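Notes to accompany the following structure.
By letter and in written order, the chains are A, B, C and D; residue numbering begins at 1 in each of them.
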Amino acid sequence: MAHQHHITPLSIYLTIAATLLFLSGVTVWVSYVDLGAMNIVIAMLIATTKATLVVLFFMHLLWDDKKLLTIFVMSLMFLGIFITITLLDTEFRGGVNPEVKDSINKRAAFYDSLPLTDTHGNPVDEHGSSHHEEDEDHH
Amino acid sequence: MSHDNSSPSFLQHHFHDVKQQYETAKLGMWAFILTEVLTFGGLFVAYVVYRSWYPEMFINANLLLDVNKGLLNTVVLITSSLTMALAIWAIQKKNKNLSLVMLILTFILAFMFLGIKYLEYSHKFEVGQLPGEYYSYMGPEIAHINNPHIFFSIYFMMTGLHGLHVAIGMGLIGWLIYATAKGNLHSEYYTPMEMIGIFWHLVDLIWIYLFPLFYLIG
Amino acid sequence: MIENQKNYLTYPKGIMSWLLTLDHKRIGLMYLFGGLAFFFLGGLLALGMRLELAAPGNDFMSNDTYNNVYTLHGAIMVFLFIIPAIPGALGNILLPLMLGAKDVAFPRLNLASFYLYTLGALFTIYTIIAGGVDTGWTFYTPYSTTSTSNVIPMTMGIFIIGFSSILTGLNFIATIHKMRIPGLTWYKLPLFVWALYGTSLVQITATPVIAITMVLLILERLLGIGIFDPALGGDPVLYQHFFWFYSHPAVYIMILPAFGIVSEIIPVHSRKKIWGYKFIAFSTLSIAFIGFLVWGHHMFTSGQSVFSQIVFSFITYFVGIPTGVKIFSWILTMYRGQVSFTPPMLYALSFLFLFTIGGLTGIFLGAVALDIHLHDTYFVVAHFHYVMQGGTIVAFLGGLHHWWPKSMGTMYNQTVANICCLGVFLGFNGTFFPQFLLGLRGMPRRYATYDPQYADLHNYSSFWSAILGLSIFIAIMNLLWSLRKNNKLDPGTNPWGAMTLEWTHTTSPPHPHNFEEEPVLEHGPYDYDKVIVEPTFKK
Amino acid sequence: MDRLTEYLFPKQVSTFAADIDNLFYFIFYSSIVLFAIVVFGMLYLAIKYRFKKGDDIRLTSSKDHNNILESLFFIVPLILVSITFVWGIRSYLKMIIVPDDAIEIKVTGQSWFWTFDYPDGGTTLNEFVVPSNQPIKIILSSKDVLHSFFIPVMRSKMDCLPNRYNIMWFEAQQEGVYDIFCAEYCGTGHSQMGAKVVVMKPAQYEAWVAELGSDDENIPLDELGAKLYTKKACNTCHTLDGSALVGPSYLQTSQMWGQERVFDDGTSAVIDNNYIRSSILEPQSQIVAGYQGVMPTYQGLLNDRELDALIAFLKSLEKDSQI
């Protein structure tokens, strides 16, 4: 019976939660600053920092058997493999014959029969006035 | 290894001791977390591929989402992660009542999360921002963009699968409340609470990525 | 003696004690008989196909019927027989015994896994009754999103069986890590356990992806989500990435346990320490890992980027090398041993012959330029049958013959078993070798009718398939016939003189709790150079 | 070697066919050597060390490794697969880099026939006419599901995707008529989705292109119809002998001329010129009971005279069958 669990101090839980909330605020704020391609990188960096905190402290992996951390890292590695290798195809199409890169029809056919709507989803006619009718069934 | 003569009631017959049972459960749980990550992984791949193909479409469709509700849900979910962690901390400290309070709080927060999601969803259903062929929203800000229904397909699938996990988590937390109240879980044996806790933090973890990926595209 | 002996087959009694059992051996047996039933069904479908293909025209079935038959043959064999058969049946029965454990880590999960398998099987049966499904087991979009056949029930079934597979996998991983008896360190594990470990890793990492892919496919049909359907802006090649990210590693879910079985049979029946234990163990893991990086070689003509083609072709060859090392190790195991030509050994030798052909023909398909000619022809059909049937199923039959006395406590007629093994070997080569030639000459696969120039080879293939089918049928009937009354072996039987825990420390059939006392490890699994274990065989 | 090639492979017609066959032989002979080592090694060891009746069960050798042998297992296959890989990629690059002077022909797969659009505007169905000794660039696409355009004699194959193009090319070196197959499963008519590639001398090809679409003016209607019946791939789904394939047989329709035909929605119509015309141009509007409505529209693929010709041909069948 002599098997002791590590008990995380309360202060750690509270600090981590506060940091997570703070970082959530930061990520929203940063998204309104236009940094071009860096926006997504920063958003992902913040998300990954948050995720790391959750995994190490809330999910206790910092103190647990390192085997468990290995399993978790493995899941990320396989996900990484899946994403990377799929992108090797989708990003590099048309490298030799450019014709094969893009789709032929840019827009799915069902859009042709969709009426323009206002911001409430109600159909508008050419002059921009909305009809307040029941939503049409498009099928 | 000798068998414990006074083996506790929660020790299953095929284990030597409590330590072995605990470590086995934890290993199994993490293997399950791995499968969860890869289940969501498939959808992440779809997201990455389509976002890199149609960045314009993603940016324009993203503007139709409600950042405030998304942020509110982030706060709710992080708080519920904290209360879940505190429930375990409390039971480790032999404080059953505090643990119960924390579990109930977690349950309520989970319910709030789903409530906010419901408000978001019902608004989108009303205006026709639906997944796939059911998409019909052609408002002025999006009408010139090709195939926004793909964004909404991925959005609904990912948040829907995540919401399903929240709902399952609520069921499990409900069971924890019952088991703790009955005294089946206590400072000597709270493995189920720890396992469900790990599951619940995973739900939080996935939302941490979903939030910026859908609501905060530049 | 026999009457006093409690064993898992007879104790406890009653149908409910089977249906609600948490005993891994009983669950394994239920898996075995479920799997064999589907093997029979899939086999009948295969013979139906060969009958249709014996002559060029629509002589036996219409195009639509043929399309249903080949789809169901593929789906049943892959998802309902080969994937669950070895881990679910033999793995379940043997794993805890080999580890000296009383049960798997999570017995309830194990039962749940079996019932998920049953539920998935019911979906498949429903699909058959409702009129079949005609998309091929690969469900390529957009055919699968527009087909009017029962795509949704079948994919639903696969989704559910996927979860069964995941639960088995994570159960085995926890079992192997945590349920070993003291002293049974990683390098003292039987190689079958290593193989199951590799298999389980693949199961838990790859299977979630097929689950989500099937969900996406179902949603594509129901809602038109536009991820895979080109008419809605989706990309059919992306579907193929999703599908093969699972289905290529799934090939290793199917073949790794077969490697494990062969690694058990050869040392035991050669009474010789296995050659290169660590090589075999680690090549299992490296094959499992590399298997995740090569799925795109199923897509060399699909229109993926040239860069992908090159990368996938390159990595594909790295699967070949550890596999080659394994084959040489198995052969060298016999060096200075005492080789007995028992039925399991004959199956293992057939495996070596057939699997080597299967593996070598994979090299042809890995070369992009050559694959473009061979892709989607009968060359591919022959190749994967040499791997799946010549490899996995032959090894499975070998394993079944090897552990039959252990798990059932009876001995089959060994002469009949040897003749059947020969029949399987000849019938198999007769059926599938001509298909390599058909493929080289350009015969595409999935054809119900074909150009008369291919008639001779098809006819030949159909003729031998009858012999193959009959041999497997008699081999299994021979096993079942041994279960007749008054044919019990002495519980102490160890007919092959094996020295893994399941043979040396428990009865045949085993005790309901596996071991009456916790076993104490005395020697490694293949210490034929240190310990003599006399074969015992008494009625 | 040549006789073996003749036995194993279809003819080598394209410029890269010989190279690919040689790659095959390289792997083939290496494999045979490796396979022989495996099988003879296995049989030799199994028989030499067999357990004979009367032998004692004894402790056996503890030999379980040999570093030199094991490094050979790594190095030899590694060398072989490296050669294979490089060869495979080099040949592949030749197969996808299209020469600049290639003629562009659009190939469209549709359930279950092939349409070929030539650069000067002509179109053929299921008959792919190309000049010899001239690179042909093929732009592939599909109108419905996946198909795969496979010409065994050219050692070339590529999937046809809906809504996206794929490219392949070849240069034929020998005149003749060769098979084209669909290699990607596409439903009921998949095994009938064949076509022919006709390789002509360049001069002949020029004449053929010039004539394309203009040779039909002077022949009688029913003969033109008979020609169109195969040329436009009607024969993939409709027989002339009364047996049902994917669609109803022409003979049966011919015999029912002037009678009512029942459709799957319960309605019916009299079989006459107008009915036949609309069932070719709008096949989905009336589906004969007992069949699946899988026929594509021929709108734009047949002109008025050609439609009349097909009708005349169909009507003539009944007469012929009575003789």
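Everything below uses one rule, namely that a residue touches a chain if its C-beta (ideal position, glycine included) is under 8 Å from a C-beta of that chain, and two chains touch if they have at least 3 such contacts.
Bear in mind the structure is a predicted one, so any value in this text is a computation, not a measurement.
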| field | Selected pair, greater C-beta contact count between C-D and A-C | value | C-D
| task | Go ahead and note the Å separation of the Cα centroids belonging to chain A and chain C. | result | 37
| said: Need the CA-centroid distance for the pair chain C / chain D, whole Å please. | reply: 33
| Geometric centre distance via CA averages, chain D-chain B, whole Å | 50
| Inter-chain centre distance, chain A versus chain B - centres from mean C-alpha coordinates, in Å | 14
| said: Quick check on chain B: which residues sit in contact with 2+ other chains? | reply: 23, 27, 31, 34, 38, 41-42, 45, 49, 133-134, 146-147, 149
| field | Residues within chain D bordering two or more other chains | value | 96, 163-164, 166
| note | For chain C, residue numbers touching 2 or more other chains are 177, 205, 209, 226, 230-233, 235, 237-238, 241, 303, 306
| said: Please list each pair of chains that are touching. | reply: A-B, A-C, A-D, B-C, C-D
| query | Which residues of chain D touch chain A in the complex? | reply | 96-98, 139, 141, 163-167
| said: Show me the residue ranges of chain C that touch chain B in the complex, using the header's touch definition. | reply: 101-103, 105-107, 109, 166, 169-171, 173-174, 177-179, 182, 204-209, 211-213, 216, 219-220, 223-227, 232-235, 238, 241-242, 513
| query | Can you list the chain A residues touching chain B in their complex? | reply | 1, 3, 5, 7-8, 10, 13-14, 16-17, 20-21, 24, 27-28, 31, 34-36, 39-40, 43-44, 46-47, 50-51, 54-55, 58-60, 64-65, 67-68, 71-72, 74-76, 78-79, 82-83, 86-87, 90-91, 106-108, 110-111, 114-121, 135-136, 138-139
| request: Write out the stretch or stretches of chain D touching chain C in their complex. | output: 8-10, 16, 19-20, 23-24, 27-28, 31, 34-35, 38-39, 41-42, 45-46, 49-51, 55, 57-66, 69-70, 73-74, 77-78, 81-82, 84-85, 87-96, 144-146, 148, 150, 152-153, 155-159, 161-164, 166, 179, 181-192, 194, 246, 292
| Which of the residues in chain A come into contact with chain D in the complex? | 96-97, 99-100, 102-105
